[in-house]
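Just below sit the structures, each encoded as structure tokens.
Each of the next two complexes has chain A plus one other chain: chain B in the first, chain C in the second.
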Partner chain A sequence: MGVVGNWFKERLPVSGVELAELTNEPVPNHMRRWWWCLGGTPAYLFVVQIVTGILLALYYQPSPETAFESVRRISEEVNFGWFIRSVHKWAATLMIAAVILHQMRIYFTAAYRKPREINWMIGVSLLLCTLLLGFTGYSLVFEQLSYWGVTVASNICDTVPVVGSTIKQLLLGGDTYNRNTVPRFFILHAAVLPTLMVVLIALHIAILRLQGITELQFEDEPEEGSKHFDFFPDHFYTELIVGLVLMILLCVLATLFPAGMGTHADPLTTPEHIKPEWFFYPSFLWLKWFPGTIAVLTSGFIVFIMFVWPFIDAMICKITKRDDLYFWIGIAGVFMLVGMTIWEVLH
Partner chain B sequence: MKLQTKRTVIGVLGIIFLLSLVFVQAMEVVRKKEEAGLATAHITVPVTSKGCVECHGQEKMTPGIVDHWEGSTHAKKGVGCVECHKAETQDADAFKHYGALIATIVTPKDCSRCHKKESEEFQHSHHAKAGNILASLDNFLAEKVEGFRDDEGGRNFFNPHSPTPGRPEIIEVNGSASAFVGCRQCHGSKVGLLGKDGSKITFEDLKPDKNGHPTVKQVVANISKSDDGRPKLHPETWPNTGIGRLNLDGSRGSCSACHSRHDFSPRRARQPENCGKCHMGPDHPQKEIFEESKHGVAFRDLKEHMNLDSETWILGKDYTQAPTCATCHMSGNSRNGGVITHDPSSRLSWTNRPPVSLVMDTDKDGKVIKTTDPAEREKLLHSSAMEKRDNMKNVCLHCHTPDYVNGFYSQYDDFVVLFNEKFAKPGKAIMAELGKQELLTKIQFDEEIEWTWFYLWHHEGRRARHGASMMAPDYAHWHGMYEVSERFYMELIPQARELVEHAREDGNTKQADAVEKVINEILSRKEHKWSPKFLEKGKHSKHGLKPEAERTILKPVGESAKTTKPEKPKIPAKKDAPK
Partner chain C sequence: MTEAEKREVPPGTGQDRRSFITRLSCWWMGLGLVAGYGYFASMIVQFVFPARQSSIKSWQFVAVANSLKQGDSLTFVSPAGEKAVISCVGTKGAKEDFIALSSVCPHLGCQVHWEANHNRYVCPCHHGAFDQQGIGTEGPPKAASQSLPQFSLKIEGGLLYIKAGTQSLV
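Take a look at the complex of A and B:
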């Protein structure tokens, strides 16, 4: 060990062996299969979002007068601005898709069951944070979709009994969309939600490390022999490959389908047809099907059910003496969400 | 997967990722070059147009139109030659050209395949109706007075009276050349195909259905075609990019009147020079008026900062430095949600085109409502002048306060109404009475007063009103109302009186009295009483009126006046002034 190494060792008393032991967690064999090791994808995309988000924030100006123009400037004038914005946009879309896929994997393998209930709840919280980041993100562009999306969302908040109007006031910084609104959404998007997500992701990973990954046994795998392999370098390489594929995919999407500009927000012109981003289609349809308060309360109830699902599932298993009902409930849920999304795409 | 394989995959993916970053860098460099004007934008030549571009792009063909197209947004978006020029088998002017069925002239109906909203707005506009001039006074002026139109023989050809040295083959020319080269290049005309018998075949003969297909088969059979099967366009009617062109498919107008083919440059359409092809000159000098106004001054100074290449070009978002014709009359602005209109009249509250300006209340067809009955107006009303004014105010309010804008409109209204009431309606009434009493022939422009009246409203009167509408003081006053006044007092009134005197001499006393009564009634109004001479001039001794003053600034008005002993003009005191 050289002089530099010694210098650090004197100040940071961590040995290489300890560090390797700490990080080189044994990884279950089922994670040799590519589709089973996508849990890191959302985290990876989150890092991409942080980096590109910081770069965008260097030019973005959060006020109703300047927001749209600054985004246009980023897209049309700033060096590589179009690329960074497009990567940010596509990474957001992929991140939401990745979180949903990851959660489906956890659900259908019943990996949320005891003792992992808390981590499931953190996961659901991360899903909600991701969706909120998506919503607050497109609200910042100050195009028609941004303005009317926020207006509709704040009106939805208003229908919540007791606390609704307070939430709306907090969100908008007034009774209606005003000059305080864009800065508030920017702070939520660039500070509050990312910080919350960092904390939740740290907890999520810490708990994962404490409990270990749920081990799955596939039929074609031998029951004898080692059931684990090393994190480093084997699994690390896998994650690196996934990361590189994602990065290439983002480059391709950003160059072939760069983020464009919609119509500037106009409070005086209500658009005839306006739709949120695709990930809100089921909620959007739900709101169209049911009157305000009922739609909001039922949506909240569904989120609550998702949140405490491990406990409900345990009760179902206890009462029915069957442990596969969750699977059929899940299938029904997925069909409903996909069906509602397709319906909204077509209408 | 073995570790070594994974390492290899990582290496390959790493290289692909680096290459994709290099590609992004290359895209950025190209973008910056295009921005700086150092490179042409990337274009996509559709497969269907590849042959057209290759052939027409050759040196001895028409490389200009290919170059223009390559610089267009169409080229960037993959819209090629065939997409616009494509025709249907039933079209009167369709022909096969190297495997593609096309037509030479692209009409608004063709453009509407992609630009439906724009085309519909345009069809509703006054621009699309500019071809209506074909049966108007202006057309008579160009064809009969300036040229030769044989109403009886049906041929408009004019035979030179002497040979043209060096061009002995010129033995006859089109007598309507002035109308063809002048009026129709702005207003448009009926596009015609050449008949086998030399006739001109227009949409009136073809009677196209709603799809633009001709319905009269024998007329289609008469279309003359070149050896390669191409229908021949009648040389009198083509080239023609007049904005109110009457096309073979029944559509009106020509999009290329403003969006010059083949680059269709939005940048050019946004600049006043584009409108200046037609909106200039002695009768409607909007271009010159704009240039005199502070708007025009600001535009010249700040043009380079106005983001003229922007995709949306929305006032208040993409630029605010100065307005152009397009800004006020057509383009989107931040107060109207960036909505562009292709009907410029949708922001006009007065039409200053006719002799007497009209309020721009329009019916469902976009026609100005002319009836004076309030109930009838209310019934016909589809879009009010004040709604249109509000549309215009949306533009003004980007740079001016509401008080400023309302003040401007108050001044403008005062000006237009003053012109209407003091000169236009009186002039029209005098001319109408002269016609009614048959003191004028039925033929236009064969009497001096008809030229005088035409100058007054068509040239000077419009200049004044347009000057006021666009804040150009010199046009409103010196090129406008000053000249209107001079024309009215120094020419129109004396010439009308002269006609009255001639009528009296010819024994047409009743007719003379009727016209004189109208003139005197007008001149006895308080706005004309600033000099009593004009009224004095109309008082005739034979009819119990005082003889005409000899010392007058007016011209002599006929022999009978001269036979009466002149008196020193008596200037009545204000309280005695005739009413």
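Take a look at the complex of A and C:
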């Protein structure tokens, strides 16, 4: 070992072998299959979002007077601004899709059951944070969708009994959309929510490491022999390949379908055809079907059910003596969400 | 305390007094900490929620009454930020020939617009609709029995005025 090596060894008394042992958790065999190893995908995309987000913040100016123009400048004048912004937008879309798919995988394999209830609840919180990041993200452009999206969302908060009006005030920095609003959404998008997500992701991974990954047995796998393989280097290489494929996908999507811009926000005109991003289509339709307070309270109730689902599922199993009802409830839920999304796409 | 009195203190009492004072100081320090950070928290809450500007209603000029023909409408934004749509529904140019309705949908706050061919106000966000008097006729506003709030109007010297919010200077 050279002088430099010794210098570090004296100050960081951990060897490469010890480091490999520390990180080398046993990974169940089912994670050799590509479709079963995508839990790291949202985390990878989150890192992409942080890097591209920091870059965009170098030029973005969060105020009603300057926001739209600064986004236009990023898209049209700054070197490779269009590319960074498009990667940011597509990574957000893929991250939301990846979190939803990951959560569905956990649900349909009943991996949320005892003792993993707390990690499921952290996962649902991460899903909500991801959706909020998506929403606060497109509200920053200060185009028509941004303005009216924020207006509708703040009025949705207002319909919540008791605390609604306070939440609306807190979000908007006043009774209606005003000059305090864009900076608040920027702070939420770029500081509060990402910090919360970093904490939740750290907890999620720590609990995962403490409890180990849920082990699944496939019919074509031999029942004898080792049921695990090493995280390092086997699974590490898999994650590396997933990261590479995602980067290629992001570059292709950003190049072929760059992020565009709508028209500048106009507080006096709501556009004739206005819709939120695709991931809010079910709640958008729900708001058309039911009056404000009922729609908001039922949506909140559904989210609450999702949050405490492991405990409800345990009760259902105990009462009905069947442990497969969760599957059919999940199928019904997915059909409803997909159906509502398709309905909104077509209308 | 004299040397004789000191000697009379039963064994262990000095220790008890010391631990009592230690506990008391801990409680006081804890209380001080809670009070200090509590007051700081109250300052943060006041910082985060901006002070509401007081608004008073006053008559404000809109247009020359006879410049609007039957079927015409115009948008009015008050200094306090209220948005209204004023429609001319008669031919005499009298106060009764005008209706001033809030153009903010009471469902979730989008802007309604007048659809002359269907004789109704429409909210594009969640497909709500209102009749000429501002009463909810379709979509979520009808389900929740919501209407567009009305503003008072008056005509003086041939000029149309609306009673809406202004921001006070103090």
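To be clear about the criterion, the second predicted complex is superposed on the first by the 347 of 347 C-alpha atoms of A that agree within 3 Å, B and C clash if a C-alpha of one lies under 4 Å from a C-alpha of the other, contacts with A are read in each partner's own complex, and residues count from 1 in each chain.
Assume contacts are C-beta pairs under 8 Å (C-beta built on N, C-alpha and C of every residue); 3 or more make two chains touch, one makes a residue touch a chain.
Note that this is a predicted model, so its numbers are computed, not measured.
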Touching partner for A:318 - first (chain B), second (chain C), both, neither: neither
Touching partner for A:272 - first (chain B), second (chain C), both, neither: second
Chain B versus chain C as contact partner of A:263, first or second or both or neither: first
Partner chain in contact with A:173 - chain B first, chain C second, else both or neither: second
Which superposed partner A:156 touches (first chain B, second chain C, both, neither): second
Partner chain in contact with A:83 - chain B first, chain C second, else both or neither: first
Shared chain A surface residues [contacts with chain B and with chain C]: 268-269
Residue numbers on chain B that touch chain A, as the complex places them: 1, 3, 6-7, 9-10, 13-14, 16-17, 20-21, 23-24, 27-28, 31-32, 312, 314, 317, 334-338
Residues of chain C defined as touching chain A within the complex: 48-50, 52, 75, 77, 81, 83, 103, 107-113, 123-127, 139-140, 143-144
Residue ranges of chain A in contact with chain B within the complex: 32, 68-69, 72, 79-80, 82-83, 144, 233-234, 237-238, 240-241, 244-245, 247-248, 251-252, 254-255, 261, 263-264, 266, 268-269
Chain A to chain C touching residues, read off their complex: 148, 151-152, 154-156, 166, 169-170, 173-176, 180, 267-274, 284, 287-288, 290-293, 295
